[in-house]
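First subunit A sits with subunit B, and in the next complex the same chain sits with subunit C.
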Partner chain A sequence: MIAYLVNLATLVCINAVLAVTLNFIMGYAGIFSLAHAVFFGIGAYVAAFIALRWTDSLLLQLPAAMLIAGVISAALALPALRVRGDYFVAASLGFQVLAATVFSEWKSVTGGIGGLVGIPPASIAGHAFTDPLQFLGLAGVTLALVVVLTTAIVHSSFGRSLKAIRDSESAALAFGKNVALIKTLSVFYSTAICAVAGVLYADYLSFINVESFTIDASTLFMAMVIVGGIGTVWGPIVGAVLLTLLPAALTYLPFLPRTEIGSVQQMIYGLAMVMLMIFKPDGLMGAKQREA
Partner chain B sequence: MLLIQLIINGIQVGALYGLTAVGFSLIFGATKIFHFAHGASFAISAYVFYYLYAVLLVWWPIAILAACIVVVLFGVALDRYVYGPIQSTDGSFFTIFVGSFGVAVVIQNLIGTVFGRGFISVPSVLSRSVELLPGLYVAPTAGIAVVTAVVCFVALQLFLGRTNIGIALRALSESPALVRTFGLNPKAVSTCAFALGSLLVVPAAVLTSMTSGLNAAIGGRVMLISVAATIVGGVGSLRGAACAGLLLGVAENLALWRFDPQWSEAVTFLILFAFIVLRPSGFFGRVVTS
Partner chain C sequence: MLQVSKAQVPPATLLEIANLTKSFDGAKAVEDVSLHLREGIITTLVGPNGAGKTTLFNLITGHLRPTSGDIRWRGESIVGTAPWKIARLGVARTFQDLRLFSHMTVFENVLTVMEKSAWFWQAEAGSGAERRQRVHEILEITGLQHKVGVRADDLAYAERKFLSMARIMATRAKMWLLDEPASGLDPRSYERFVTLLRSEVRRGITICIIEHNLEIVVSISDRISFLDQGRLLADGEPEEILGNPELSSIYFGERNS
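After this line comes the complex of A and B, so read on.
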């Protein structure tokens, strides 16, 4: 039972990192990306590739994954500089589809549909995180660092410029803000940290395949941010906790066939998204922000 | 010969893409709602047709009629009970997108649960290929697809140009305030847009169920293609959406000449991506970067 809870808590931490980074570009930069799972996947594949061929050192995997994800994020930043709103969503959706094809076809690196098996556990300075409890600690510390760092950026002058661009791009431009640079940097930051979650995921599960990085995953991450409350500090974390625990909770419903749990889960959060948009577009944590 | 074969297949697929995209573009043009659940409309009508025609063995005109009725009801219900309430409180792009996307997710999984996630296809003599020239196979569905697409498009243009409702639809896309001034109810006109736009997916849905088959995730694919065709063609331009749909269909099939079939979706995306980066206004559209 303890092992089960530790496993859930670790996954919650990893998903929360994803939701926080997605919220950073969605909530503060106004970039509604449906391609977040791509960068999660890049992080995971880079970590797995390095771990299987060269080293299990986390200190090497992390910078490599962040750098590669950050460079590829240019593919997302480019349309974000040209169009906004629905157009960008469409572009990111297309990017997600393309990336999923690459993940499943580039067999020499990603192992194709079968994925990569037997990824060794991560280690820092020779200490391997084989104990699940220790790994939970690692994931928890990472989450805490990401939340602190992201909040600090949001409250810095960079964060204020970002919100200014979200609310009115031309006004920000008129005030002398370098809109293109600020947008590109924010996408770079979001995707690089997203790749960190991917590294943790690959090292934790020791098995990855394309199924975790498809459009369904991107939708799930977006749902976490929206259900929790977009543009808030705690919203994405609350959303990540709720939506990660949902499938676990559904397994306790005896009348549900196990093969249908995935679908039922997606139906529930799809419905939650619709209902929230009709009755409470700010998300669950949105109201608190309004009171403040 | 392979090239000609691919182009013919491309035109068949492209005609259906164009028709679906025109429906999407019509809704978006008139109501400014980015109807991500358009793919769900497609899936619903295709599965209704499949269930009635191939499982319950209903006579095909009745099956098609039923598909039309269900999909129109679905479109109108979405407009009334999802988009309407969202627009009356908070009309921002984001809330509408999320609501629409949520509906698409629910429908896809509902279909997956009810009909299974595997591939299904409706058996029909119409999709049996005939050898026209040595090595060149064409099925009657190819001709039907092209003819239906042209007929629907011409009928739509006549409807929009000649009838009062059609003119009201075009007026709504220009200025909702003026529509109200002239004593028309913008909500009623928007309902018409949804009914008509949703209706346009039926021919494509029925023919697709006979040719390339269906699966539960088809809605997402159709959505991507409709959105891509609308953007590539230029937002608000029905002609653009139809041409772009055709272009995407042909391009997707021509890609098979050199690449594996898994990459055909990637071609759609590359075209969309190139247009968004290089020419966001599309073929015929105005620049919308706001």
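After this line comes the complex of A and C, so read on.
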């Protein structure tokens, strides 16, 4: 039972890192990306690739994954500089579909549909995180660092510039904001930290395949942000906790056949989203309802 | 009335517009306009709706690119320069629809304007404490000192207008382009607004303002430029322009279009 809870808690931490980084661009830069799972996947594949061929050292896997995800984030930043709102969502969706195809076809690197197995546990300075409890500690510390860093950025001058661009791009330009640079940097930050979650994920599960990095995953991450409260500090974390634990909780419903869990889950997600949009459009942690 | 520039020699030109034309699919929104915006005075752009006044602002600030002609800031052409770079040269503007940073607080709206750099250090803007001090001063002047933590979205109409002014005050720009900043203000707010403009001009700010209210036009203008259907019909001292019966008939809509 303890092992089970530790496992859940570790996944919650990883998902929370993903939700926090997605919230950073959704809530503060106004960039609604349906391609977040791509960078999660890039982090995971880079970590697995390095771990299987060269080293299990996190100190090498992390920077490599962050750098590669950050560079590839240009694929997201470029459309974000040109189109906004719905058009960008569509562009990111296209990118997500494309990337999922690459993940499943580029067999020499990603192992194709079958994925990669036997990824060794991560290590730092020769200490391998083989004990799940220790790995939970690693994931928890990572989450804490990401939350602290992201919150600091949001409250800095850079964060204010981001929010200004989100609220009015033309006004931000008129007040001397280098909009293109600021947007590009924000996407770079978001995707690079997203890749950190990918590294932890691969090293933790020791098995990855494309299933974890598809549009379904991207939708789930976006749901975490929206359910928890977009543009808030704690919202994405609450969203990640809820939407990670939900499937686990559903397995304890005695009247539910195990084979049906998947579809029931989808129905509950859908229902929760609709109810939320009706009763709490700013998310669970969102600002209290404003007067109309 | 402001009589800063009654000397024989006109003040130096800060921004020069030369034969500027902007077409949208063949329709000319601005047509062959040449205009000098002179240092330290208030130039008012008047003219009926659709005269091309806001388009002219958008051309100056780089939000639009001219079809032909030139715009020179202190003698250097700024055509094709990115809007944020033009802003940093010292040309700031307000928008007719305000475009406040609506989900940010009043304080943040003003503070972020002072923070030019995309990075975390703000080399040009002094220390953080100095900037915050300056924000409070500006909010005091614009009467928003009790609204510091309120979201821009939640402000009343006149307060939103003043926040728009507070933002431009925070820029340290030499030239302000104001797009109908006083429209819809009640008499008391309007008085505060005129006082504010005058003290800023005394501080050395050059202002170009789009305004419809003739009472305001008369009370603040050092020069008036009259636009109609994209063309500059007249440019001169207020008495000259406002005394011209032909212009006033156009202005008051006795035109067949």
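Convention: the second predicted complex is superposed on the first by the 286 of 292 C-alpha atoms of A that agree within 3 Å, B and C clash if a C-alpha of one lies under 4 Å from a C-alpha of the other, contacts with A are read in each partner's own complex, and residues count from 1 in each chain.
Throughout what follows, contacts are C-beta pairs under 8 Å (C-beta built on N, C-alpha and C of every residue); 3 or more make two chains touch, one makes a residue touch a chain.
The shown structure was predicted, so the numbers you read here are calculated from the model rather than taken from an experiment.
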item	value
Which of subunit B and subunit C A:213 touches, first, second, both or neither	neither
A:84 touches, of subunit B and subunit C: first, second, both or neither?	first
Contacts of A:272 with subunit B and subunit C, given as first, second, both or neither	first
Larger contact residue set on subunit A - subunit B or subunit C	B
Contacts of A:166 with subunit B and subunit C, given as first, second, both or neither	second
Which superposed partner A:263 touches (first subunit B, second subunit C, both, neither)	first
Partner chain in contact with A:182 - subunit B first, subunit C second, else both or neither	second
Residues of subunit A that touch subunit B when the two form their complex	32, 78-79, 82-87, 89-91, 93-95, 97-98, 101, 104-105, 215, 219, 222, 226, 230, 260, 263-264, 266-267, 269-274, 276-278, 281
Sites on subunit A touched by subunit C in the complex	156-158, 160-161, 163-164, 166-168, 170-179, 181-182, 185, 231, 290
Interfacial residue positions of subunit C with respect to subunit A in the complex	61-63, 82-85, 87-88, 92-93, 95, 99-104, 108-109, 111-113, 115-120, 122, 154, 167, 171
Subunit B residues within the subunit A interface of the complex	34, 82, 85-86, 89-90, 92-99, 101-106, 108-110, 112-113, 220, 224, 227-228, 231, 260, 262-263, 265-266, 268-270, 272-273, 276-277, 280, 288-290
